[in-house]
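Heads up, the next two complexes both have chain A, just with different partners, chain B and then chain C.
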Partner chain A sequence: MSDFTPLPRSPSPDRRGFLKKVVASAAIATSAGCRQALEEFMKKSLREMSRAEVKDVLQKHEAEYKAKFGREVEVFATPAREGVLFGYGLDLSRCNGNRKCVTACVKENNQSRGSDDAPHNNPIQWIRVLEMEKDKGISFEHANPYYNPKEVPEEGKFYLPVQCQQCENPPCVKVCPVGATWAERDGIVVIDYDWCIGCRCCMSACPYGARSFNWAEPNLPSDQVNPNTHVLGNRPRPRGVVEKCTFCIQRTRAGRYPACLEACPTGARKFGNLLDPNSEIRRLLEEKRVFVLKEELNTRPKFFYFYG
Partner chain B sequence: MRFDRAFLRFTAGSAKLVARGSSYYYGWIGLLAIFIVLGAVAYARQVDEGLIVTALRDPVSWGFYIGNFTFLVGVAAAAVVLVIPAYIYHWKPIKELVILGELLAVAVLAMCMLFVLVDVGRPDRLTHILPLLGSLNVPSSLLAWDVLVLNIYFLLNLGVVTYLLVSLFRGRSPNPYIFMPLVMFSIPMAVTIHSVTAFVYNGLPGRPFWNASLLAPKFLASAFCSGPAIMLILLQILRKTANLDIKMEAIWKIAELMAYAMFLNLFFLVAEVFKEVYSDTHHLQHMRYLFFGLEGKTALVGWAWTSVAASVAAFFLFLIPATRKNLVTLNVGCVLIFIGVYIEKSIGLVVPGFTPSVLGEIYEYDPTMNEFLVGLGIFGVGALLFTLMSRVAINVANGTFRLTQEAPRADVDVPA
Partner chain C sequence: MPLVILLVLAACEREHHATFEDPLHAHGIKLPPVEPGLPVPAPAETRGFPVPPPPFSPGIFPCSRCHVGGEPVPDPRPAMPHGKHLARDMECADCHGKDPKVPEAKVCFECHEDLAKEPQAVQAYFAAVKTADGGYALQRRVKTRDVIPNHAGHAKAGVACATCHGEPADAPFAKEKSVAWMARCVACHEERKAPASCETCHKEIREPQHKDVVLHHAEGHHCLDCHHEGDRDYLRLANGQKVPFEESYRVCGQCHGPNLRDWKQGLHGKRTGMWDGERQYLLCVHCHRNPHAPRFPSMVPDPPPARPEDIR
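Coming up: the complex of A and B.
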């Protein structure tokens, strides 16, 4: 597993680096007008950057958001902590389908609110709660993500929230043609929004429908921006790139719980460090019989479901 | 004269050559220009507003663009493979066949690249995906491999065909020790580009409709129908208008080979249908959506059956010698094959793979006008490229465009 932050730069300039230099000097010679194009061209993915370069990027984004939203937005690049591997547990017998987690997630993670004047521009949601029928068990074929009764839970139904499963063997990472998405050492699968080309291979590869695409300019009203952001997580995204749940990387790397967990009124959600034998999630794995979704695909999720 | 100078003269002469022509020629170019402008305007709108102007959404995240890309990779692959029967059966105009096949491959590959370009959300970052310049994620990403092999194949064909044409233009016969190994190399490469494109879909275990080992063989079988179908029509046009000496036997033989390829393609389809229907797992949903619709959503049903009907009809037209040798039924067969394979490999391949989605959602994808116009523009670009290149090629091949002449004769009557 590779990480973007503490990664040492490769000491010898590779061929690509050389090529870029050649082209760069040629371009500088031609005109200063192509500075911006050149900058785009010279960019590296976050994973390849030195600490100093990452810092530059953070500042650049902070300035960009300040101009865009008219308020301070902090962008951190908090690295993974040693000895941490995050895992999530979800108690299906407690979940009653109230979708408070969805609302909290949207707020916390600066997802696009969609657009009222363009109803086809759907809001982005990283958590989808599926309504299923009790007599059919877990069957995606009979799932309904658009349930809308007066009151939940409904007779004969149960609810299954799905979000990024943070797989140990993530099919989405494998297929990305430019290496714009990867698993960090703490197990969180992240996306470099500045490197993603928006080809959507990862969306085809994900068996959990966890990835969303910014089909239009994201609609994030200034007064609703969460100003505490991580560069690989909830910072406001540009159009044309993919995004998904990061276990609230901006919170969990700072020792807090994910927003969905805190918002859940039924206590169905559990979270913790899989490497810490005393953590809540480890106790859960010890005491409950857990299962993962689509286990036959060998994605090895770190998102465990159980009946409490 | 040295090769590089001859090449300059060749370029200048070609520019003059393609600028002149009959009124039919101008009409055709004008029509293509309209397509291209319409496409460019539609694409400008897409760049301005984002991919939201397409009907694509999260549940069906690839559609018309990537479907066309997939179909066209097959055409590009098959155009060159025709060289094999040409050699085996000693067809006379093999040089012309090689040149035309490679020109078609070049034009079609340009279209493939454009279809990828219009599909990505960040065309401004396309350098990230270029070999050497970007960070191509090999060996793990199949799309990265696809970019790599498509680029190699493109350069290979462009190189060979340029070499052949410039040599003939200089009045020399091309050195077979130079171009034959390259042509031979381009044959396995043709198989490679189409297999790797199939693997892009094939390697996604979360999408059972594509995750079947028959996918790559089926891709090749159908490509060996659709590619030659286009070549057959082109050959007939050129035979009439450019006095290209193409024997009817060669054309019939190609049609016969297409019948075998179509048989394989249909057989693979039957094998797939059997496996899914008899097993009756939830994987069957995708096929059911394609052929019968699900929950009243039936956008693909008409297309799917049209495709099957066209393919079966074409199979019989090409199998029976009498209809194969009759020019009318032969051409009807070509058109039917084109329709059948086009539907099967574009919309019919991509959309059912996503429907129902991995979480069981049925989103009915129906391409927007904007998508069609962008596609039309790209087809316009491809047709324009092929027209201009083949105009030069034909004049070179029949000797009217030669280095010794100051300028190409203005009265050459070449087809549009």
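Coming up: the complex of A and C.
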């Protein structure tokens, strides 16, 4: 090893080292608040984080919500279970368009409430119940989500609730320029709200109109916060991110039925594990003639409609 | 099949006889105590998971509190010897009047003028029906607190007294064949195409909890097609099998077979709880609320979403 001559050190510092030094010195120089913001800016996507880092993020969120809402909000990151692939069924012959599912969903998932008193009025609903005419069949051109008669169901009308279809081949995931949305192993398409840049490409890519955008700071009164949250699901969202139905990830990964299913007074909604041959959803697929919305787009939804 | 009908009719007669006027006080019958929240057994079809107590179930207020079952309680007083009177070419209306009712004692005394001169048997009869205040109350064998017999209507339709009351005799006939037992009423009404709904005959007894029972479901059926005739705390299948209210889906499923099949698999109806664990099954009556009018009601929809132009 006598002929070993070490390479001379590069006279100019490399780019990475330079940036590190700049960031470090800037961090020391600036106030604590600024440092936090900088760390926030430099952090990794939730998918790339180690378990310890995720735990750290959850704690930060919990502290943030406690300060914001003045109450304990638990943020979980329950992972997908092995051997579970969620599927949903909806009986169109039972649905009478009462929108109880929508109300329950807003309550469960901490969506922004509509309020004329709030500085912003940007109500968000993950479920959209479409009123359609029996004469025309399932025709999205003639669908009306704003129906508001005194009583439902109305003569000659039927109702088609639409929410995220949790596609096996999700176009929204393909178009996201930053990889902030992806399909989990149990089939739920999730959004990392900290990684979402709010470009809304996914919204235009989704053929079901299932995604919503927080145009303003969500209007979520602290007494209405659901404190049982999932980091990829119903935790309170910041302004400028996209959100959507996650099959109530905070409930279903804990083994419970989704909130919309439990709220439905007509029993039109069915849910279960597609990989379990004895589950309700599998019985449904085997017994009934089911269909999916916009099958021709090859999105392969895991949300099945049927006439029971 | 005729045997089954006969058995049912016999059971109906027995049952209906039990609904004497004020059965609680007149006969000193003690009511079973009210036990709120009786334990609800888990039906076999729900894989051992419990069901919430069904509405209309006898859990809170047992039906048997009022619908006292079992053998009729005999009236201890002797029967009026009708046969002896008819043998003297008397007509029913002579004593019972044109609008028939149980006559007052003074009608008797129009013939039996001096009780002291009457034979021993007659004196004994009047002694037996003597009331505490010195008057006489003739026995009312046909006491049905819930049925108003429309005598005028029956007479107009040409129904003879004996059709319902049987041929009067000296023996205490009331027990065997006097009263127009419900099953016989129904059979006769159906044969004559007369109205045969509950309201036709049962006007007075409609207890407060039964006043609202209007059958908008399987019209043409009768209470005892689904309710067990002998034990009102139970329902019954068409084959007469007793079914507890917690398994009422078996009664419903007799006609709604495909729905029962779907319900067992979780494809019809609603379940709450865990998709992979303990879940609560809801029975037919939990959603269809009123089994007598089970059509799912119209609902007021929750408010619609905001239109894009209203978002600011």
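The rule is simple: the second predicted complex is superposed on the first by the 268 of 308 C-alpha atoms of A that agree within 3 Å, B and C clash if a C-alpha of one lies under 4 Å from a C-alpha of the other, contacts with A are read in each partner's own complex, and residues count from 1 in each chain.
Note that in this section a residue touches a chain if its C-beta (ideal position, glycine included) is under 8 Å from a C-beta of that chain, and two chains touch if they have at least 3 such contacts.
Note that the coordinates shown come from a computational prediction; the quantities given were computed from them, not determined experimentally.
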Partner chain in contact with A:122 - chain B first, chain C second, else both or neither: both
Touching partner for A:199 - first (chain B), second (chain C), both, neither: first
Partner chain(s) touched by A:273 [first = chain B, second = chain C, both, neither]: second
First, second, both or neither for A:215, with chain B first and chain C second: both
Which of chain B and chain C A:60 touches, first, second, both or neither: neither
Partner chain(s) touched by A:96 [first = chain B, second = chain C, both, neither]: second
Touching partner for A:256 - first (chain B), second (chain C), both, neither: second
Touching partner for A:177 - first (chain B), second (chain C), both, neither: first
Which of chain B and chain C A:145 touches, first, second, both or neither: both
Set intersection of chain A contacts, chain C complex versus chain B complex: 120-122, 128, 145, 215-216
Chain A residues touching chain B - in the complex, by the definition given at the top: 15-16, 19-20, 40-41, 44-45, 48, 118, 120-122, 128, 130, 139-143, 145, 162, 171, 174-180, 195-201, 203-209, 211-217, 239-242, 294, 297-298
Residues on chain A engaged by chain C in the complex (per definition of touch): 91, 96-100, 102-103, 114, 120-123, 125, 128, 145-153, 215-216, 252, 255-257, 261-262, 264-267, 270-273, 276, 279-280, 283-284, 287-288, 308
Chain A-facing residues of chain C, complex: 262, 265-277, 279, 282, 287, 296, 298-307, 310-312
Touch list for chain B against partner chain A, complex: 49-52, 54, 56-59, 61-62, 116, 119-122, 124-129, 132-137, 140-144, 147, 200-201, 203-207, 282, 285, 353-354, 356-361
